[in-house]
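Shared between the two complexes below is chain A, which pairs with chain B and chain C, respectively.
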Partner chain A sequence: MNITAFTFKKSLVPGLLLVILVALVTLPIYGSLYNVILVTSILMYANLTVSWVLFSGSTGYMSLATAAFFGIGIYASALFLPTTGAVFPVLVVVLIGGLASSLVALGVGALTLRLRGIYFAIFTFVLVVLIMELGIWWELSVSHLLGRYVILVDNNVIFYTMLGIFVLVMLTTFFIRRSKFGLAMRSIGENEEAASHIGINVTMVKVITFAISAFFMGATGAIWATKLTYVDPHVAFNVLFSFMPVLMAIFGGMGNIYGPVIGAALFAYLQETLQTEFPEIYMISFGFILVAVILYLPNGVLGLIQKLWKRISGGKRAHT
Partner chain B sequence: MLEVNNINTFYGRIQALWDVCLKIEEGEIAALIGANGAGKSTLLNTISGVIHPTSGSITFLGQRIDGLPPHSIVELGISHIPEGRKLFTDMSVRENLEMGAYSSRVWKQKQETLEQVYQLFPVLKERAKQLARTLSGGEQQMVAMGRGLMSRPKLCIIDEPSNGLAPKLVTEVFEKIKSLREQGITILLIEQNVRHTLEIADHACVLENGRIALEGDCDELLKSDHIRKAYLGL
Partner chain C sequence: MWKKIRKFIIPLSICLILMLTAVVGCAEEEPAPAPAPAPAPEPAAPIKDSIVIGASRPLTGAQAPIGDAALGPMMQLWEQKVNADGGIYVEEYGKKLPIEFLIYDDATDVGTMVRLTEKLILEDKVDILFSSCGTSFISAQAPIANKYGMVLITAEGGAVTMRDSLPGLPYTFVSLSFSDHYELPVFADMCAAEGAKTAYIISIADLHGVEYGGVGNMEFARVGIEVIANKSVPITYTDFSLLVKEAKAANPDVFCVFAYPPIVLPVTGEMMALGFNPPAVIMGPGANFGFYGVSFGGDPAVVEGVSCFATANKDTSPAFAEHFTALEELVGWPNSDWWGTPLYAPIMDIWVEAIEATGTLDQDVIRDYIATHHFDTILGDTWFEMFGDGGGLMAKETHTGEIGQWQNGTMEIVGGGDWPATVLTSDWIYPKPDWPTP
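Up next is the complex of A and B:
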């Protein structure tokens, strides 16, 4: 009895994940076009949020550079997939977007990851604005373009690429968390000074993680650009994309890797529904929901689920 | 084993250490004593690579180590148990200890080392699964020391272990430090508790205003007028 309960619990999470994965992979077969597009944007937010948590959640460095890396990915598509003729295949451009972002992250990280706390957050935020302004200057004075058009890509291709990145970022997060490298990240988040005393090369760990997380943000941006089709610096480096992942991670809870995904999914879905059903009050209601979550669900939606699950499954055992 | 030659260390434009020399022999407990702000922690941080000296040299087992980053110095066998314990408070005791074996030289032997640390500090085995922040001050100091030992150091630098502990626990901590020497670990002990320190150490240096004011064997220092007046209040 106990053994069956144990194996049931143990296989519950992987089983559930498999069901969700199969449901996602087969979505274009049974779902409507609207659903495919909606899930694509949910996956986009999930990618950004999980990549953000991969770095900021464990090391405790609050990065607001997400929009910068996302935007670099978007511009990779704008440059290499213009309507005048694609330079490379879509997947190659996605890879370029990711690599370009992680290169920038390596440089920026090496320079700035010695800043702590609020200074790091401010710097990363300024980075977004700086890159956007550079982009505007470049388009105005050098290329003389107001914006750029990206080729049309089939919705299913966008969806599967986004899903592919999602699976990759989840696997990466999962394996990093269980590795020695992940332990080093956690110890930096807990006490950076002690981490360096026990022999962790803290700068290297931080910079590498920053670059890995930027890679996925850039790749996500590159494929997202094919859905936008029109790109200019204001669209690509929208600071909203720096804050959304933070809010979504708080909303979902950062205790484990599912929290941010749940947060991103609920948040993106809510945004979509509120925006279409109640366009006048959507931002206001959004604000209220967030305040309520922060006040009453300190561990996010995931924390609430875990609490309820404990009450259902563990409650009985507590009485025996 | 460790030789510090004429180092000068600055914080910005302010000089914190002036021509400091220090020599530690293998197998001894060397002590560094001095009042608040005398430069004790600066000297330690200079040895463990957290800050770099402007001039002078530090050699460990014949190798220059000044200028190396902290993680390389840990690899060479110097472990620094920082002041104020600096535990990973939201990790379990066992995880804290395992993190101590992070440097690649000792990571593979961490199970074995863990057993040795548990033998030295049996209370940590009982507390293995508890979060570090739920432990008492004395136990936390044991975790900090255990974590420092997990890197199998040849030289262990212990910064203010008695800081914030009840007198009874202070005695216990000093007993543990003595037993480390018996295991062949060389120790550099930094303390404000001068009497206790001079009783267990072999050799001591007194740091005053960033300069070495006095050094010698502890028996002699205990008899010195300066020490008796300034540090023991006799």
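Up next is the complex of A and C:
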């Protein structure tokens, strides 16, 4: 075996990740303020997408509840970081947002993760609408305060918090995938009955993963609320956030943990560019790109990169 | 050797290129090197070719019909009008500068609007920021504009909650009239004067509906009108027959629909179908647009007697006749917004006067000028009621009207505040005539 090549192969990806991380951490030093804001937005999508893949990608359960957990996080900030005076420090509220979403996911998951296929997908989508309607009812009947204002937070604080959540969700995904727990999740994704027969407590695994995934979505929502500054149930529980992570994951490829990140980054960047540079053809071109990716890149952009890399390296360097 | 190069150098080069691309792409543009000082005795004016006005607008999505009928065409008019005059004179540049608009589509999404507003301010470095569309949207946009010290004169939207936040938003000036400023107090007085005893309110479950429903409750109670129902409907509601049947069974004197066109239009249709014709009907936003009148077979006479929120029409003054005619010519048909555009029309006048009087595009200077001066606009004497050192609200005494009514196929101004600026163009028809028989 060629030891040099082996070492290179082993160190290329971690090395590249380290470089990217350093580039991200130092971005506020060399980048413009708007680039910091843009990357914050990309990180927000990446957090949601990786969190979604953490549960749905492994277990095969199509969850459309992302907007619900994201919205709960947003409301955590609306409640605890009002312009009338922050109740807790920002990071504590981010934690509260994550925990609140996680708790809801635990409760809902325990009740409903016995549902499968289309029934689970529809239920999770309905969950978003249900929580939004509950929010509206609460605000109308109890608080009499439909619109809430959230304190303004420094752009760099938002960026570093979002980056921190991103690093945590990536590490969590990485270690879960390499653990027995991750193996159990993959078993469920491949054949749930078989997994159950070999002694895996499938309901517990699914519920815990659902809650972990929801934690990151809620935490992301909590810090994102400080960018929105104005929150009402329609703004917080926007169903778009249920579909975007799915599209981004498909776009990037769900084969490994980098695919969703690449998908989220490219998707968000494309959205930004098309929306501002080519507004007339924004939706049309976006639609064409998505159709093309789904038809011709079944493994997403990452699959294409791997294919090209395999061709360049003569089939010896493919990371599958 | 080649294999080693291929193994190491190529991947490393790709990584390097990627990194450099990212760094170059993200790096702030370095300012151009300063030119050598000119020998002229007086310093030359800085170079600038135009005043860029940025706006994040709903070109698509649920709010697009409102944006298309309200501030959207006004921006086109302003660009034509101001540039036909050679632009706005800015003393610090020593010349008149034409205006140009940079408009992004926020697709009626608050998150996108926030991001695009920051892009306009930070990346595009626009000279003037224009309003987004919708109360929720301007509620989110105002703190952003305030954060970066950009003056924001808002357009489509206004709310009690927004007014309450104005003391902390010194760069925000709200132009539109709203619920208790001073629409529903006027409408409640009109209903009471006609002897109405009961009111039935349907409101959309969002900031607009909740606020109008709440203020409606208070104002009708103030004048002794009993609110027999105050129903909040979800924004996604589509079947209104049951809702209208219940309202008809309650037999109210006043029927209020505080919702948007996607609800206002079908509720009107159901009222016609079910023969529900209370003495007073008020709807909005929706009934205040030209498209409302032609939505039921093309003849606006069908909606005779429907009331709405409206500020002015062609008969209010010669200036408004010119304003609405110009808008009709631009749009191609009388799809006017009789509520909003009369109050948005002063926005450009205010900007032009503030820039020309101060001689600068400096936002702090302009903010202070707007906060402390009266302006001569299409409304007449126009000023903002200031909230301490905070933002301002266009004074209600500048409103030429508050309530409109469809009469003979057009919008008449039938209700206004008790102050000199009010110009009523017709009497209010009460009770409302029957819907035409199909």
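As a convention for this text, the second predicted complex is superposed on the first by the 313 of 320 C-alpha atoms of A that agree within 3 Å, B and C clash if a C-alpha of one lies under 4 Å from a C-alpha of the other, contacts with A are read in each partner's own complex, and residues count from 1 in each chain.
Everything that follows uses one rule, which is that a contact is a pair of C-beta atoms (placed from the backbone, for glycine too) under 8 Å apart; a residue touches a chain by one contact, two chains touch by 3 or more.
Here the structure is a predicted model, which is why all the values come from computation and not from measurement.
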First (chain B), second (chain C), both or neither touched by A:17: neither
Touching partner for A:284 - first (chain B), second (chain C), both, neither: neither
Chain C versus chain B, contacts on chain A by residue: C
Touching partner for A:308 - first (chain B), second (chain C), both, neither: neither
Touched partner set for A:87, first chain B, second chain C, both or neither: neither
Partner chain in contact with A:276 - chain B first, chain C second, else both or neither: second
Chain B-facing residues of chain A, complex: 180, 183-184, 186-187, 190-191, 193-201
In the complex, chain B residues that touch chain A: 48, 50, 69-71, 74-75, 80-82, 86-91, 95, 98-100, 102-103, 107, 147-148, 150-151
Interfacial residue positions of chain A with respect to chain C in the complex: 4-5, 8, 12, 16, 19, 23, 27, 30-35, 37-39, 41, 83, 133, 136, 139-140, 144-147, 149, 152, 224, 227-230, 232, 234-235, 238, 240, 272, 275-276, 279, 282-283, 312-313
Interface residues, chain C side, partner chain A - complex: 6-8, 10-11, 15, 19, 22-23, 25-29, 59-60, 104-105, 107, 109-112, 114-116, 118-119, 122-123, 135-136, 139-140, 143-144, 147, 159, 161, 165, 168, 205-207, 210-211, 214, 232, 234-235
